[in-house]
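In what comes next, subunit A is part of two complexes: it sits with subunit B in the first one and with subunit C in the second one.
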Partner chain A sequence: MNIYFYIIRRMAYMIPILLGVCLVIFFLFNVVAPDPAMIMLGKHATAKQILEVRKELGLDRPWFSQYLDIVKSSFTFDFGRSWSTKQEIVDMIKNGAIPSLTVAIPAFIIATILSIVISMFVAFYRGSLLDKMTVFVCVALMSLSSLAYILFGQWFFAFKLGWFEISGYEPVFPQIISYVALPVIIWVILEVGPDVRFYRTVVLDEVYQDYVRTARSKGLSEKVILFKHILKNAMIPIITSIIIQIPFLILGALLLESFFGIPGLGGITLNAINSSDFPVIKAMTVLSAVAFIIFSVITDVMYTLVDPRIRLK
Partner chain B sequence: MKNLALMLFVISLIGGTFTSCSKKEIEKVKTLHLYVSTQVKGMDPIFADDRYSSNEVGRVYEGLLEYHYLMRPYTLVPNLAEKLPEVSKDGLTYTFSIKKGVLFHDDKCFPNGTGRELIAEDFVYSLKRLADPKLQSSGWWILDGKIKGLNEWREKNTGKPSVDYAEEVEGLKALDRYNLQFKLTRPYPQFLYALAMSFAFAVPREAVEHYGPAFLNHPVGTGAFILPEFKQTNKIVYVKNTKFRNKTYPTDASDELKNLLEDAGKPLPLVDKIEVEIVIESQPAWLNFQKGNSDYMGVPKDNFASAIQGNTLSDDLKAKGIELIVEPSLDVTYVAFNHDSELFKNKKLRQAMYLAQDIVKQNELFYNNTGLPAESIVPPGISGHIKMYKNPFRGPDLEKAKKLLAEAGYPEGKGLPEITYDCPSSTVSRQIGEHFKQEMAKVGINIKVVQNPWPELQSKVQKRTIMTYGMAWGADYPDAENFLQLLYGPNRSPGPNGSGYNNPEFNQLYKSSSMMQDSPERTALYEKMYRIAAEDVPMMYGVHRQSYVVKHGWLRNYISTDFEVGQAQYLNVDQEKKKSLIGKL
Partner chain C sequence: MSERILEVKDLVVEFNTDRGRITAVDGVSLELNKGETLGIVGESGSGKSVTALAIMRLIASPPGHISKGEIKFKDKDLLKLSIEEMRKIRGNKVAMIFQEPMTSLNPVYTIGNQIEEVVELHQPHLAKNARHLKAIELLKLVGIPSPEKRIIEYPHQLSGGMRQRVMIAMSLACEPDILIADEPTTALDVTIQAQILDLMRKLQKELGMGIIFITHDLGVVAEMCNQVAVMYCGQIVEKADVKTLFANPKHPYTKGLIHSIPSFDSTSGMKKEKLPTIEGMVPSLFDLPPGCSFQDRCKYATETCRGMNGRPKLEMVGSDHLVSCFNPIN
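Right after this comes the complex of A and B.
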């Protein structure tokens, strides 16, 4: 199948998926969520004012009309204003995306490269003490809560040693480094443990395949086998794992952003959840659904590039 | 290992270099470093409905009146008003003269970008905005039903495509360029307090029309500080308004605050810049304070034990030049009953539950013993609170509680259904709920703790699908009426009376007092209501909390107050002292 046709077809699948997402959002809005008028008006609300706000928000209209509004906003990306901050949600997302990505992109790239390198390395020395120690360290890293890393890192490296700012964000180079370096390091530590374990397993799965035995019997060196043959074959699950993480990068890291005062999308989402700010929650849900669909298409396309045996259907 | 050490060295070098760079830049001008623990809701006065947002709004905007910075009990003084208003004998007409020559901040919304003079019409416009049905301000309650013709104007414009600001409202008139008159529908002695709230601050029509919905990000006020643009981010930076009118630091003070007169008579504001950091989590906020990155902050609950020993500051913090300020807050925590429920119409049951509750223990466990156990609804510090009053039903007295429970028809809790206790979803609220459950179990009452996100709890209270719930109320203004209204029958939810308590005697007293100006007669009525609110046990009172604030030695003129709006203009930073103290941190 033509790759462009495949992409168009997959993108068309987005429509029913988004309609489903809208239905879930609608259900959350109308059944689970508290009355938005009460949220907006606060402790001195009167019954009359609640009715007025409900009218103003269009909550007195038939349900299908309200559902269509959600569908429309999901396709046009016009999410209106936040109930809590009264800001344009699109502007909030634009303002929050860069700080989130400032932390997420370097952390993600460093963690991914480091994890692949370490996993190849320990796979090369599989069964050795080094391999066992690495697995042990990975499990140890994964056993600690992310909060423990954040609290300790902030107290020790930023407060005691003064290597970094404790919290905050300055969108100016080079000051930005002192604000984002520590959250990036913590992100990398949090990511490396599970990634190394996963990539190591993927590589080891390949190590015992017939083609590796054939390559060895042909007299190829272990390095060539590892980096030329095994790595190429192990790339499919690695790519899946990497690309599928990208939508979550855009949405930011809730705890890291909250503790380090990074004004990113994670913090925006967290605030929206705490204050039941449904237009923002709706926007973030739609955004993540769209990002997820787009990146799963990219994953499929990447498969064909990495492994020509795969055909798009 | 060598590589690891090298990597750490490089990281420390990079981080350390840029850390010190940023600090040097910050300290060039006299700067106040503040912190807030929640997101700020923009800079439109009519939407500033929480303490944090109204504090930010109050740096840029001003109202007719403000609280005297150094007077206790809280006293209203003129701010943009020339003097306190003339009030007619019937208490229905208030006439204000406003100060001449007050300028709005320079902004591109004005011709040539130069701020124009504030006039009486600006208040008419600003208060109409508060009533605008299209905007649906959460601050409308301060004027709702109080100004002649304003509700009718709002009604008339509801549902219309555009709101007619040109239409005159009988009770809200600019008599001329500098004179303003309010006509009230009924005597409303708290009206002046309402005018001191940020909802009633003056905004220029040009800015609202120029920026449209984005006005909340482009504050244009008359205040001591200018914020060129508000961005929903983690830092708000204000600069001094160099055209600020000739307003000076107070020269008189209450006896206990006379030590804060060092800057008396100096022109305001006293600093050149304010940097407000938004730090949601308490650990980074506390660490930042200890590093000198913020000038003062409330002591976080989790750091209380290490920071405060006995009732004084730890030696470690004292050695760093940090000072502790303890002030009672005008608030009350409580567990309310849903009075719509037949179960809680049984007064003896309510009294028994209150007697079973150990507030002293709760204060020790959850407030680090810093709260003042409450005897009734009105906190100390405002008239209507009865000093030394002891509520006969305040626990713990398990024997008496059991006796009353039996008299209520539920001996040892037999026959009593499970009672739900709804609370917010924070850890501390849950812990308080679990403690309440244990206390009630001692007399045989079975409690189920239900946690809710805050809006959900609000919704349950307003829809009255609740049995008991834990909450707190902080003063909007320093008048007992603001607390007593929680028990006034006609205020039942969705009004502020969430419990639905409805006692005709209490209602009558409240209605009579609400017409009276501050006087010994009114205080006597407040005290009667205080006793009813105590002995009828419409709710189980918890504590009146106290604020424990730590500040650095270089910060001058700071006092802990319940009404912080506009406080920043009075604060000063002793740069020399800061240089010497910062080295100790």
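Right after this comes the complex of A and C.
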């Protein structure tokens, strides 16, 4: 089947999924959550004030038309203005996306490639001291809280050694590196531990397959066997595990962004939650749903590139 | 007498398992001549595959290792070669077909790619185009219809019989001196089995290679082999040329195997009633009895067999006929 046709069709499936997401949002914010007028006005508001605000927010209208509002803003991505900063939400997201992605994309790519390379390497030397040490280091890395890395990194590398800025953000080229480098490094450290552990078992599962023995019986070198025969087979489960991380990527690492003062989507979301800024929370929810769908289509397409047994349906 | 191309001497292969160390192959000696076929027969677990893998030096290590012996291919002891030298022999001079046709090919590469790969490795002078033509040629040779089309197919698009043909094509790509076929047809149905055996015989005639043919089916041995070695619990219990072995088996185990070959009564056209089988089970390698390993299943067993004389040694009982039994059949 044609791959473009497949992509278009999968994108069309986004419509019912988004409608469902809107329904959940509507249910959470308009039915379950406390009345936003009360939140905005505080305890001492009069009944009249509350009525006015409710009218202003459109909360006095029938439920169905409120649901349609959410649907409309999801598809046009026009969520209006933030309740707390009064900015256009679209602009807030645009401004926040760039700093977020400047940290997330390099971190994610470096961590993924590094993890795959390390796990292939230790699988090659399986059972050796090197292999055991690597697994040990991975577990050790994983058992420390991310806070520990953040605080230690800021104190030692930024404060003591002065290699990086402690926190903040400056969107111009050479300077940006000293702000972004430390969060990227910490992100990589946080991700490499669990990734290597998982990818290593994936690669080791392949090492004992019959086709590997066949490859050896042909006289191929271990390097070719590992990087040609095993890697492509191991990519199948690895791709799956990568997709699971994507939504977190979109919202940025909440903790990292707030500790390093990076004005990204993570910070925006965190502030919105703290100040019950419903429109912003809704926008972020829709955004991550859309991102998730897009990336799952990418994953499926990548599967078919790697595994001939999978046909696009 | 034709040229000797392989000589295995006193091969010992051990595995370290969770339950302790086992000797899966215990002092096996084999000889193979150019253009001939040596059959290795024996029940499941007797060490046939381990012997074959050891010749290729493909024993998974850990848990296994070759702890003793000599594998002489022409003038070289394969066990003394460096891994690089061994790699030049694998797939090139000595090739192997495995017992598991369904899983022996890499699922994510086309069969053409997998055949061309071995040609590229051992015949680097061939251009890409020539390699491709050669792969098509090989697929044709093993009887795969419209090979130009099938060459771009993936293993999952082929049946088990077709996959085994692809494996054969791959193993023949460099016209090896020795082909080790480990139960090449066990996983396939009977008609396909006959086709593949025919094919192997035909190719052997054309290419003049020596074949080590592993099976637990003595019927197939009678059809395919010149020499036969019968294995039991990691040892060779009897070794002879095919005619002698079938006409005059000396080991009770060999005799039992021969009697359990299904055959039709030619007068009535009916299957003979109640096939005799060898009673009892193969003992576990973890606790072999002292003396002969076959004693518990042998109706000729005496005190000598159960005694403290150790396992019986292979001894000459006729020209080119060896048996390891304290009480050989007369």
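Please note the rule applied: the second predicted complex is superposed on the first by the 304 of 313 C-alpha atoms of A that agree within 3 Å, B and C clash if a C-alpha of one lies under 4 Å from a C-alpha of the other, contacts with A are read in each partner's own complex, and residues count from 1 in each chain.
Heads up, the rule we're going with is that a residue touches a chain if its C-beta (ideal position, glycine included) is under 8 Å from a C-beta of that chain, and two chains touch if they have at least 3 such contacts.
Here the structure is a predicted model, which means the values were calculated and not measured.
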item	value
Clash-or-fit label for the pair subunit B, subunit C on subunit A	fit
Between subunit B and subunit C, more extensive residue contact with subunit A	B
Subunit B versus subunit C as contact partner of A:Leu161, first or second or both or neither	first
Contacts of A:Lys223 with subunit B and subunit C, given as first, second, both or neither	neither
First, second, both or neither for A:Ser275, with subunit B first and subunit C second	first
First, second, both or neither for A:Met92, with subunit B first and subunit C second	first
Vertex subunit A; arms to subunit B and subunit C (CA centroids, nearest 10 degrees)	160
Subunit B versus subunit C as contact partner of A:Ala47, first or second or both or neither	first
Minimum Cα separation, subunit C to subunit B, after superposition on A (Å)	30
Overlapping contact positions on subunit A, where the subunit C interface meets the subunit B interface	none
Subunit A residues within the subunit B interface of the complex	33-35, 38-47, 49-50, 52-53, 55-56, 81, 84-88, 91-92, 95-96, 99, 151, 154-155, 157-159, 161-170, 174-178, 181-182, 185, 258-263, 267, 270-271, 273-276
Subunit A residues touching subunit C - in the complex, by the definition given at the top	127, 208-211, 213-221, 229, 232-233, 306-309
Contacting residues of subunit B [partner subunit A, same complex]	11-12, 14-19, 21-22, 39, 41-42, 44, 47, 49, 133-134, 136, 138, 140-141, 144, 158-159, 213-214, 216-217, 231-235, 277-281, 283-285, 287-288, 290-291, 293, 453-456, 458-459, 462, 494-496
Complex interface listing, subunit C residues touching subunit A	56, 58, 60, 62, 87-92, 95-96, 98, 100, 103-110, 117-118, 121-122, 154, 156, 167, 170
